[in-house]
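Heads up, the next two complexes both have chain A, just with different partners, chain B and then chain C.
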Partner chain A sequence: MSVCNPNRMLLLKQPIRSWCMRRAIQTTSVTNKNLRAGQYKSTIHRTKPLTYEETQQPFKIGATKSWNSWNTSNLHEEGRASETTTEDMFIRKFMGGTWHRLLASEVIIKRRHNMIIIACLVFQAVPPRKMYFLSGYTEELLSTFLNCPVKVELQTVKDKKDIIFKYI
Partner chain B sequence: MATSVNSTCRVLYLHVQNVSRCSSRPFCCSYRRTQQSSVSTERKADHGGTNTVETIIVPRRKKRDSLSILRALSSTVGKDFTAAHNRYLDDPFLIPVSIREKQTYTLSRASGKRAAKYMIENHSPLFQYSNEEPKVQAYQPPQTEYAHPEPSEDALMERIGMRRVIDAIEVYKNLRQSGEKLPLETQLRLLELLAVYNCTDPAPPPLPEETVYSQDAASQRIKLRKTWHTNSIVEELFEDLPEKTPAAYNIMTRGMAKYLDVDGAFGMHKEMLDKGIPVERETYHTLIPLVPYYTEKEKWETVMTLLKEMKERNFQANLATFNSILLSLSRMAAYPQSQKHAMKTLVEMQNCGIEPCLGSWYYIIQVFYYFEDRQSNILHDIVSEVEGKQFTVQDSSDMKFFSNAMMKCFRNLKDLDLAYRIDALLHTGNNIRFLNDAFSEQSYSWYFMQLLCMFETMDKIMEYYERIVPSMWTPAASGMGELLKAIELHDGFEHIPRIWSDVVMFDYMRSDSFTEPLFALMTKKTHPEELQSQFADIAEYMIGRWKQERVDEYTNPIQMTATNVSYIIILCLRSDRFESAWSMFQTYKQHDRMFSGILSDESLVALTNTCIEQKQPEKAIECLSVVGNLGLQNHKELAEKILTEMDLSESQKQHIDVLM
Partner chain C sequence: MSVLHKKQAQTITDDQQDEEFRTFEIPGLKAKEERKKMRRRTKKVHPPRHLRMRTDQEWINVWPTASTFKWSAVPFPVRQGFVKTQTENEGVIPGKYANAELMKIPNFLHLTPGHIKKHCQAIKKFCTAWPRGLETDESCEKYFPLEVVESDYCVSGPSIRDPRARQVTVKVKLSKLDLDYHARDKMLRLVGNKYNHETDELTLTTDRCPLKKQNHDYAMYLLTALYHESWAREPWEAEKTEADMERYFWDQSKSKSGIISLLTRIKNIDKTSHSEPDARLIPYLPEDVTEETLLLLPELQTYKEAVEDLINEGENHTTVMNYKNSVKKLLNIKTPPS
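Right after this comes the complex of A and B.
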């Protein structure tokens, strides 16, 4: 159902197709889908490095990337959802501060039975003995804080370039 | 690959078959059904063929606990020799290889935990977040403040409960000053605390990582000495007791025995006998091992007297009793009679129907092989006795069995077959847990490897080497030396490149005491071309590392001796790498003060001969001048050889004349 008048079109001396594209009326309903939240903005010269995880948009969680927190608090009648979330935030802040400038990825927190497993990538910026010190420190301190066994599972990354998936 | 998976599945299936018939598990039900159907088909076949019908005996249902299935599953998986120990983080960058790395990483982790404990103790109010149910005490921050700060009986009991010895003593002293009477029960509890911990605060329990490195060669040599505090508060308390009960006497005797106040303990024991106070069984267990330190003569007779006393009190001997007798005997093992008594004890154990634990066998070994030249077949008998059995920990001395058995097998017996049997026993079931600290693991593997190097073929040695190095065992530099000797003996030169890569990994290339024999071995004779070129690679790598570490100014750079330089030159020449040999020679010539010793005859002759072959008179003359400077014997012959075999200019001839 267009309102364009062919005679008027001739007066304007514009191609009908281009005019229609600008001024068309659509009748289908609007989707308010926000595709820009949680996504990185690309730069002009495509110079911004991103890891694999950063390149995958939030709606791809569960398809091409997975969750950062693994627990059962959102299942039926499980409870502890708010506690788990707060604890996870605490763990992430703690890891960021304790492994300062060493974390190469998001901190993945997995809860199995009464155990918390913290997994992440770290840069090989300090000698291994310091990593062993930090892992012992993290495990002992968080175990006492959260009242359950905590285990740190690390993988090291030699070079920052190794984790770059693409530039945008 | 596929077959191995299949076989694993089959083993697993069989295990499950053995494990559980409980009807509540659905998959067990389905298993039962399949079994029934298979049985019925069997019968049909029988009817079709012959008339004999097999009777099927259905085994009785066995009661299993909730862990049976997990145990069965775990028994299908063996030890993975390629994986690092699970105390290390599983990442190539973080897995240790050398002995030093292993120790540093383990103790760093322990140190991190200690740091965290320090933070928790000093900031315990920050760790009160807790919403779990039920509360696990181990994850609570330690209680630093007392519920009863003022001295009172409750305060004393609180400190005793928390094992705070020093604080308990302080409260007790305050109470005594104020003249308050404490009930006997409380006083006995305090006496017990003070006697067990010898009036000092107990050290915090070691972390698992620390126990691994708690033992070393130095701690093995520490002599036992008396540490009991005489005239201390505990003795005052004992004297002040309103009524000296038998329990108090026993507590004091055990405390003195624990901290090796031998005279005090036996004095107390005598007092008890005189006053007719009953001695407890545990007190005897602590006294018997001290007999060798108590008397000079008639040690065994004293042990027997104690045992007779036990008999009078109708104490039935148990494993701990026999272990204390055997420990006592191992402490008097230098006496020739001790072996006879040890055998008697074993017979008595058998009569009582008590199975000896690994610790008992350890003491027997100590008795029979006390001196290195003592020969006996008892170890064979012990191994035949325990072969194929799985053990659980019953005594702290159990942990010493395997490393000691292997050590005696090497030192006293030199018996490879026996060593294989001990190794098989170690890998039976979960027995590998008895090798739980780094020191015994190291010494066990070291003695076994030495035996292998003595008697086994090169292939077998390397098979074992590949299996346990470096995940389970990192040989010390002397261990690698032993391996080199075996290579020389068995002509196994093809294994040198593999060993060299380990040498680089374990960082043994710094010590010339190790690299010199290695290079000497490589130059000992000429080899096929491929191996020879691998050796030349090794030589070039060594030069490269040495130069690099000089440039990078390492604090502890590789030390290169002139002997090694000679070997490197020879190795390079043998695989036609004249350039490398020449550059090494030039480096030596320019910086000869950096190398200790002088170049060998052989290397210089070889280098000069190659110069002659390559028709390079200048270089040949340079070699000749070095030979002359070092005052080596072949100087004249070499000069004549150059003169006769090469086309030289007049000036070069004159140069040689001057050098001659």
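Right after this comes the complex of A and C.
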């Protein structure tokens, strides 16, 4: 539409014919990349805090940030891709509910043989005694649900400011 | 209880009588005593472990097994992340503290040279010396001609079983088996495309049973059955015709009878029309021409080999030239001098 606009054409310094031809021929394929999914909207005064994980867009996975699920089910000729994904979703929901308002990062799920290792950052908002209870509770219940040993490997964060990477 | 109540009531009435009037307090006039803020007592968190580590400590004791990266236990500085502008983390790559990226990636802090040395020492008692006389691949092939290939699979899943692990492949070179010409030919016919002509290898792959052990046993049974079946000579095998032959045999071919009748006819012509030896069509033929005497001739033997090579090996420069020369020699054809 803008090409056909006569006012805009007048603004162009170069001959219209050559400009149109250059515009019309496209030799490369169209990039259907969705640049809006999984991105956070910025605020006027740039006051919204984001973690490193949230700053990196989904298409940067494998380049500037790595995956949150580590398993072999997506490799060539390996099965169980759907089961693993469903279990991972369940684990994430479970962690979000059990460690309510305590999680400081995404839940990282690593699978080694039949063992599931859950790693995450948590705030030091509850006393250590409760934290030990919660991790034991998580391990015990998830082991029962998923029929395999589950290990929780936590790291605590003192302040919310420690995980902030950028304000947008 | 009732007595106590009465006593209290009496004291209240006494006080009121003493003061006569109760003072009226206007709400908001007098500043209230500030309530003490209840502050939750937070326990002091210990300083990270790497600050208390000695420089000559045993790293194996710090990081004994595979584990997620722990910033508090790692004594060296490490950073991970990507910073684009000054607005991101003040332009500094995030350090090890509270860095989820470091927790995601697999680390090899449990596989340092010290760890490996300790692992090796632990499993050394299960190791035995390599058997003497099996230093080279040739000697291994000689003493252990049967090769069995099995696989185990490690996957991240709740089950340690893998359906692919049941497959068993057995390889053996046919030259290592004790077979005569008939048995070898029959074996090749029985196994079909499981035999590799280039490597002389017979490959049996079994995966029809649910367990590896069963498939191994089945492969062994197959090999045994094949071997004995190859040696067995069935009555119908005598009915083999030229079309059933696996290769060309000149002795059983039409070429043999044809060349013998031709040579006999030439000898008859020589006998009747050419009495002097120099004028004979084929001078080397003996006086009594029979099949036995003809077959003993070296010219006919070379012709036989040339024909067999030509058909079994296929037409190439060597075989065709050999065939040409043998025919020229056999029929005494001389190239005219140019």
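The rule we apply is simple: the second predicted complex is superposed on the first by the 136 of 168 C-alpha atoms of A that agree within 3 Å, B and C clash if a C-alpha of one lies under 4 Å from a C-alpha of the other, contacts with A are read in each partner's own complex, and residues count from 1 in each chain.
Simple rule for what comes next: a contact is a pair of C-beta atoms (placed from the backbone, for glycine too) under 8 Å apart; a residue touches a chain by one contact, two chains touch by 3 or more.
Since the structure is predicted, the reported quantities are computational estimates derived from the model, not experimental observations.
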{"item": "Combined model on chain A: chain C and chain B, fit or clash", "value": "clash"}
{"item": "Touching partner for A:134 - first (chain B), second (chain C), both, neither", "value": "first"}
{"item": "Which superposed partner A:156 touches (first chain B, second chain C, both, neither)", "value": "both"}
{"item": "Per-residue contact with chain A, leading partner among chain C and chain B", "value": "C"}
{"item": "Which of chain B and chain C A:113 touches, first, second, both or neither", "value": "second"}
{"item": "Which of chain B and chain C A:70 touches, first, second, both or neither", "value": "second"}
{"item": "Which superposed partner A:143 touches (first chain B, second chain C, both, neither)", "value": "first"}
{"item": "Partner chain in contact with A:124 - chain B first, chain C second, else both or neither", "value": "both"}
{"item": "Single chain B stretch clashing with chain C - from 22-30, 58-66 or 328-336", "value": "58-66"}
{"item": "Chain A residues contacted in one complex by chain B, in the other by chain C", "value": "83, 124, 128, 146-148, 153, 155-156, 158"}
{"item": "Chain A residues touching chain C - in the complex, by the definition given at the top", "value": "46, 51-53, 55-56, 63-68, 70-73, 78, 80, 83-84, 104-106, 108, 110-114, 117, 119-121, 124, 127-128, 146-148, 153, 155-158, 162-163, 165-167"}
{"item": "Chain C to chain A touching residues, read off their complex", "value": "42-43, 45, 66-68, 70-72, 81-82, 87-89, 94, 97-101, 103-106, 154-160"}
{"item": "Residue numbers on chain B that touch chain A, as the complex places them", "value": "89-94, 96, 101, 104-106, 108-113, 115-117, 119-120, 127, 129-132, 135-136, 139-141, 209"}
{"item": "Residue ranges of chain A in contact with chain B within the complex", "value": "83, 124, 128-141, 143-148, 152-156, 158"}
